[in-house]
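Given below, in the form of structure tokens, are the structures.
What follows is chain A paired twice: with chain B in the first complex and chain C in the second.
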Partner chain A sequence: MGRIQLHDIRKSFGAVDVLKGIDLTIDEGELVVFVGPSGCGKSTLLRMIAGLDKPTAGRVEIDGADVTARSAADRGLAMVFQSYALYPHMTVRANMAFGLQNTRMPKAEIDSRIAEAARMLEIEPLLDRRPGQLSGGQRQRVAIGRAIVRRPTAFLLDEPLSNLDAELRVSMRAELSALHDRLGATMIHVTHDQVEAMTMADRIVVLRAGKVEQVDTPLNLFNRPANLFVAGFIGAPGMNLWAGQARDGSVHLDNGALLPLPVGLHVPDGAVTLGIRPQHLRPQTGGPLRAKVRLIEALGPESVVHADLGAEHGLLAVLPGQPDLARGAVLDLGYDPQSVHVFGADGQRLG
Partner chain B sequence: MTGVKGVLGAVVAAPLGWLARLLEAPLRLWQRLAGQTGMVAFFLLPNMAIFTVFVLVPLVINIAYSMTTGAALFLPERTFVGAAQFERLLRCTDYTDLMTCQEDQFWIALRNTGTFVVLQVSLLIVAATITALILNRALRALSFWRAVFFFPVLLSPVVVGLIWRWILDRNGVLNAALVGMGMDPVNWLLERNYAFSAAIGVTIWAHLGFFALILLAGLQAIPRDLYEAAEMDGTKPARVFWRITLPLLMPNMLVVIVLALIRAVQVFDEAYVLTGGGPGTATLFLTQYIYEVGFASLLKNPGLAAAASILMGGVLIVLTLLQLALGKRNERRGKLK
Partner chain C sequence: MSRAIGFLTRRKGGTGWDWTDVFTFVWLGAAVIIMFGPAFWLVMSSFKSPAQLSEFPPTLLPYEAQAVVVEGYDRPLPLFSVTDDAGTRTLAEVRRVGTVAQMVDPENPGEVQRINIANRTPVRKVGFSWDNYLDPFLRFDFLTYTKNSIFVTVVATLITLLTNSMAAFALSKYEFRGRGFVVVLIIATLMIPLSVILVPLYSIVSGVGLINSLWGVILPTVATPTGVFLLRQYMLTIPDELLEAARMDHASEWQIYWRIVLPLTAPALAVLAIFSVVWRWNDFLWPLIVLSRQEVYTLQVGLNAYAGELNVQWHYLLAMTVITMIPVVLVFIFLQRFITAGIAGTGLK
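== the complex of A and B ==
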């Protein structure tokens, strides 16, 4: 239970098209992350699935049944809100019981479900407190607990970690993944944080301007981005993307650099964009890239080097360890031609 | 714009600046002489003086009056009687029958005011809550409707009373409409229950907007997420209201209730213009009783009026303290969040 299918979902607010035809299938038990920049429509899409907003056109199916016209309550889904949306005047216990009482569930059953969820989330000592007396992380757990007790067919999580501090976010990320493994339920998680998406998802849906750019596993997105947007969006620091002309198995950049393409990849002559991840660049005497160091971010185990590649292009390289480099130094870099990504003039991946 | 600013500058700012420069030297000297505490007292003095002359002194005189008797206006000419006026107000042979009370008018006014307060405040709160709930929906032309409901609050109470007298009068607009529709006219202001109901209805109409506005502010402060969470849980609208909206509105609601109680206890102007306390004593309220005993009746008795006003003041002080306590509690709760 918990297979969700979206067929050509569209949503317009007046003249503004927020979602422009989304087709997507989320399998039972999957943890899917919707990721994209602000305003890409990811939260709107989640609200369509939840039933809090109705799509302008298109169909939502849950386990094969068309639920587009059904109310939010009749879809069997539970949502965790960005603000947690806990009822401030009720205790944690009352917050968790509230939804179950609507279904006229016997009190004993409600109590046992709350006890089970509280044990799972380690919030038993908090049950008689009010949300105002809890820390951000504790409220987060209660919000998740409130969803768990309903035993929904799927969990919808709308940026649930964005109100937590960095440290807590990392640990809650791991806890949410562990919880997903334990419950085995379908989860849809919305975030603008691509690290969150990469670390948690079975599959990631990358959205931009109301359209799906790519749906794939985190590593496939990283290794084989379908287009320039995904290439630039996934991965931190972002991929180096340089415009140039493809000719005879190499790419000529404006500054005269000649960059070899992967062996066996046929790229027609013409304008292309070449992408290399900062992690794939290595210092190499006489290498094809000659860059002037602008800034070094020494992180300890690795260093992020910001450099200029001629007047037009910037360059980012993540070098292992703590290389002996100074601002203004000239650095020769090379790469394994198999690790480059080539995008055509239309922004789509070649090869 | 620059023209207006220029004129304002010449007319207002320039003379003020000139005045400030003129006062600077003497004020600095005074500050050196008086010290910091002295300066605080110096700037508070005008306000305190006005408060003393128009509030504090009359209050003390009023207390003094309540312990005297006679029709003489000036205090030194009045006879001291101690608590006799209070005794007169409160003495009854049989407290179940108001007619056996020495000052039966006071007791009637008290009973009327009590009934009025209970009915008017409860109806007002319900009506204001419903109005606020409706206004809180994403209504078209919301500001227009808000203005419509708030407009009566801006009217002078006497104007409110007059408008409704024209409507409810024997030969008023309402009866004209009834006759026009082939029905018999009704003596809205001459029949006891109708007149009392009219006093309640008119004061509700006049104050509704004010209280609805406070409640609306409270409603708009409730996060939308909570309603969406309730929607996901399949909560019925009535349960949403009783379990989510009302508890979260409670801080504003309590303030509104206490304010409405204070205003209702003081009811006078609208009702007096509308019914003049009648028919008979059907709409005689405490403030009108005090006014009539003290100033309007043939046998003026300022001492008795003063005593009654002190009793009423006691009730108002209790309500005001309640309001202050609620205000403080809300402030503390606000800080906790």
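== the complex of A and C ==
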């Protein structure tokens, strides 16, 4: 139970195509995160799965059954909304019971389910309060509790953590992951926060402008981004991407720097984009990159160095510890050629 | 109490009287008299007897002439204070002939005195003629009128709330072609006064046989454009996510309306209910047209019966006017916070 398949989902609002043909299979028990910049269609896609919006074309299947024409209520899914959407005039208990009462479930069963969910989420003392009397984190738990008591085939979470403060977000993130492990249910989580995506997901779906850019595990996305967009989107601070010319196993940048490529990677001569994560750059006397320091953000355990690489290229490096650098200093940097990403002129990964 | 006094004697800074203090208190005092003077005058006059109402100069408070039972006379005799050559004393009038009255001393009923009526004034003290209030209810049909008025007000308000909120729900929460046009059309009917559609409305009500029926008063105006607009504006502020959450929760559209939207619209419903109650209770023109039999009169129409062409029974008219004011005043006293909150909430002025 809980296998969701999307076949060529398309959605247009008037002349605007929001989703441009999405194929995706979400396996049972998987926690999949949809991530992408705002306006990429991730929430729209989630609403299609939920049944709150109908796709212009394409098919949604749950456990092999075509549910495209079914209403939201009949899909057996539960959703947690960004604003939590708790009914403000009902107590927490009534909020959680509402969906069960609508299916004419016996009262004893409703009570036991609510008690179980409340114990799991530690909201037992709050059951007789109203949403207005709860803090943000408590409301979040109630919203999740309302989804849990339904015992849905899959949970749909629409940016559930974005209204929480930073500290609470971290702890709720861990709780959601733990909940997923305990329930073993399929979860689809929409977020624009890549840290959330990286830490929680079994698989991440990166979306841009209504298209799937890459679907993979978090570490694969980080280590082997399929294209320039994913490379720039995943990882913080963002990957250094420099345009240059590939020739004889090296990349020549406009400013004359000659950057070696991994041994064994065959790159055809021509225009390429070379990517190196800031974490992979190390100070190295006589290294291939010579940069002038513009700004240093000392975070304690590491320092983020903003530097200029010639006239038009910027450079970001995350150096361990607290290096003794001043603005304007000239820094020589090197890297392990194996950690380099190369993208062709069409933006796709080479090798 | 001390706080109230402190509030009433509050002055602009310092301890002395500034001219603005004087001006403010004079201004506010005048406003109080202008606002409450007529109402107070009405209430006081409603307790006066017909004779006293026609008296000039009028008195503010209602007075009752004093009477006393004197030995040897069947009826109680009215008391007068007499001042003449023999001094000042209180006598009871036996009968009056021209300018001379035959009077007796209640202490000494045997001796009849002749007194010029210029030398006497009636002995009166403040007293209320409750009969002004009791008679219409006990001897006339005002109890029926009151029941009719309450029926019309309550039933019409309930139906108004139900129909208007359903229309507002559809117009605020469903996207359909022509929604904006329908809203504009409904609001446009605000520009048509009742008097314009009075005749066609009458023929419809008469055609369906609702003349002289309270339903003929209730039904034609249950759907009000103001109500639909007010509720719609309020419902627009209810987040759509709540409805979507309810849809995910297996709620039917009716349940969404009844269990989610309606409770959340309570402040706006309260405002509409207040407006509807006040309007229905005070409504005169339409009931007057539809109702022509005494048994189905509402209070306002019944009140009209006291204002005859030749003779106005002011004492009953005033007393019943006070009665008809009471529900409206109560509504405003207890529910005014809903009115201000509700109107502020809907962005309606």
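Simple rule for what comes next: the second predicted complex is superposed on the first by the 351 of 351 C-alpha atoms of A that agree within 3 Å, B and C clash if a C-alpha of one lies under 4 Å from a C-alpha of the other, contacts with A are read in each partner's own complex, and residues count from 1 in each chain.
One rule holds for everything that comes next: a contact is a pair of C-beta atoms (placed from the backbone, for glycine too) under 8 Å apart; a residue touches a chain by one contact, two chains touch by 3 or more.
None of the values given here were measured: they were computed from a predicted structure.
Visitor: Taking chain A as the common reference for superposition, should the pair chain B and chain C be classed as clashing or as fitting?
Guide: The answer is clash.
Visitor: Could you say whether A:Gln348 touches chain B, chain C, both of them, or neither, answering first, second, both or neither?
Guide: neither
Visitor: Return first, second, both or neither, reflecting whether A:Ser112 touches chain B, chain C, both chains, or no partner chain.
Guide: A:Ser112 contacts neither chain B nor chain C.
Visitor: Have a look at where A:Thr217 lands relative to chain B and chain C in the superposition and call it first, second, both or neither.
Guide: In the superposition, A:Thr217 touches no partner, neither chain B nor chain C.
Visitor: On the A-aligned overlay, A:Gly132 touches which partner chain: chain B = first, chain C = second, or both, or neither?
Guide: first
Visitor: Between chain B and chain C, whom does A:Gly99 touch in the aligned arrangement: first, second, both, or neither?
Guide: Both partners, chain B and chain C.
Visitor: Where does A:Pro88 make contact in the superposed view: on chain B (first), on chain C (second), on both, or on neither?
Guide: In the superposed model, A:Pro88 contacts both chain B and chain C.
Visitor: Of the partners chain B and chain C, which touch A:Ala50 in the superposed model: first, second, both, neither?
Guide: both
Visitor: For A:Ala73, select first, second, both or neither according to whether it touches chain B, chain C, the two together, or no partner.
Guide: Both chain B and chain C are touched by A:Ala73.
Visitor: Going by the contact rule set out at the top, does A:Gln284 touch chain B (first), chain C (second), both, or neither?
Guide: After superposition on chain A, A:Gln284 lies in contact with neither partner.
Visitor: Out of 24-32, 78-86, 96-104 or 114-122, where does chain C collide with chain B after the chain A superposition?
Guide: It is 24-32; the other listed stretches have no clashes.
Visitor: If I apply the document's touch criterion, which positions on chain A are contacted by chain B in one structure and by chain C in the other?
Guide: In chain A, positions 50, 52, 71-73, 77-79, 81-83, 85, 87-89, 98-99, 102-103, 146, 150 sit in both the chain B and chain C interfaces.
Visitor: Quick check: in the complex, which residue numbers of chain A touch chain C?
Guide: For this pair, the touching residues of chain A are 50, 52, 71-73, 77-79, 81-83, 85-89, 98-99, 102-103, 146, 150.
Visitor: Considering only the defined contacts, which chain C positions touch chain A in the complex?
Guide: Spelled out, the residues of chain C in touch with chain A are 239, 241-242, 244-252, 255, 259-260, 263-264, 266.
Visitor: In their shared complex, at which residues does chain A touch chain B?
Guide: Its residues touching chain B are 50-52, 71-74, 77-79, 81-83, 85, 87-89, 98-99, 102-103, 132, 146, 150.
Visitor: Using the touch definition up top, name the residues of chain B that touch chain A in the complex.
Guide: These residues of chain B touch chain A: 223, 225-226, 228-236, 239, 243-244, 247-248, 336-337.
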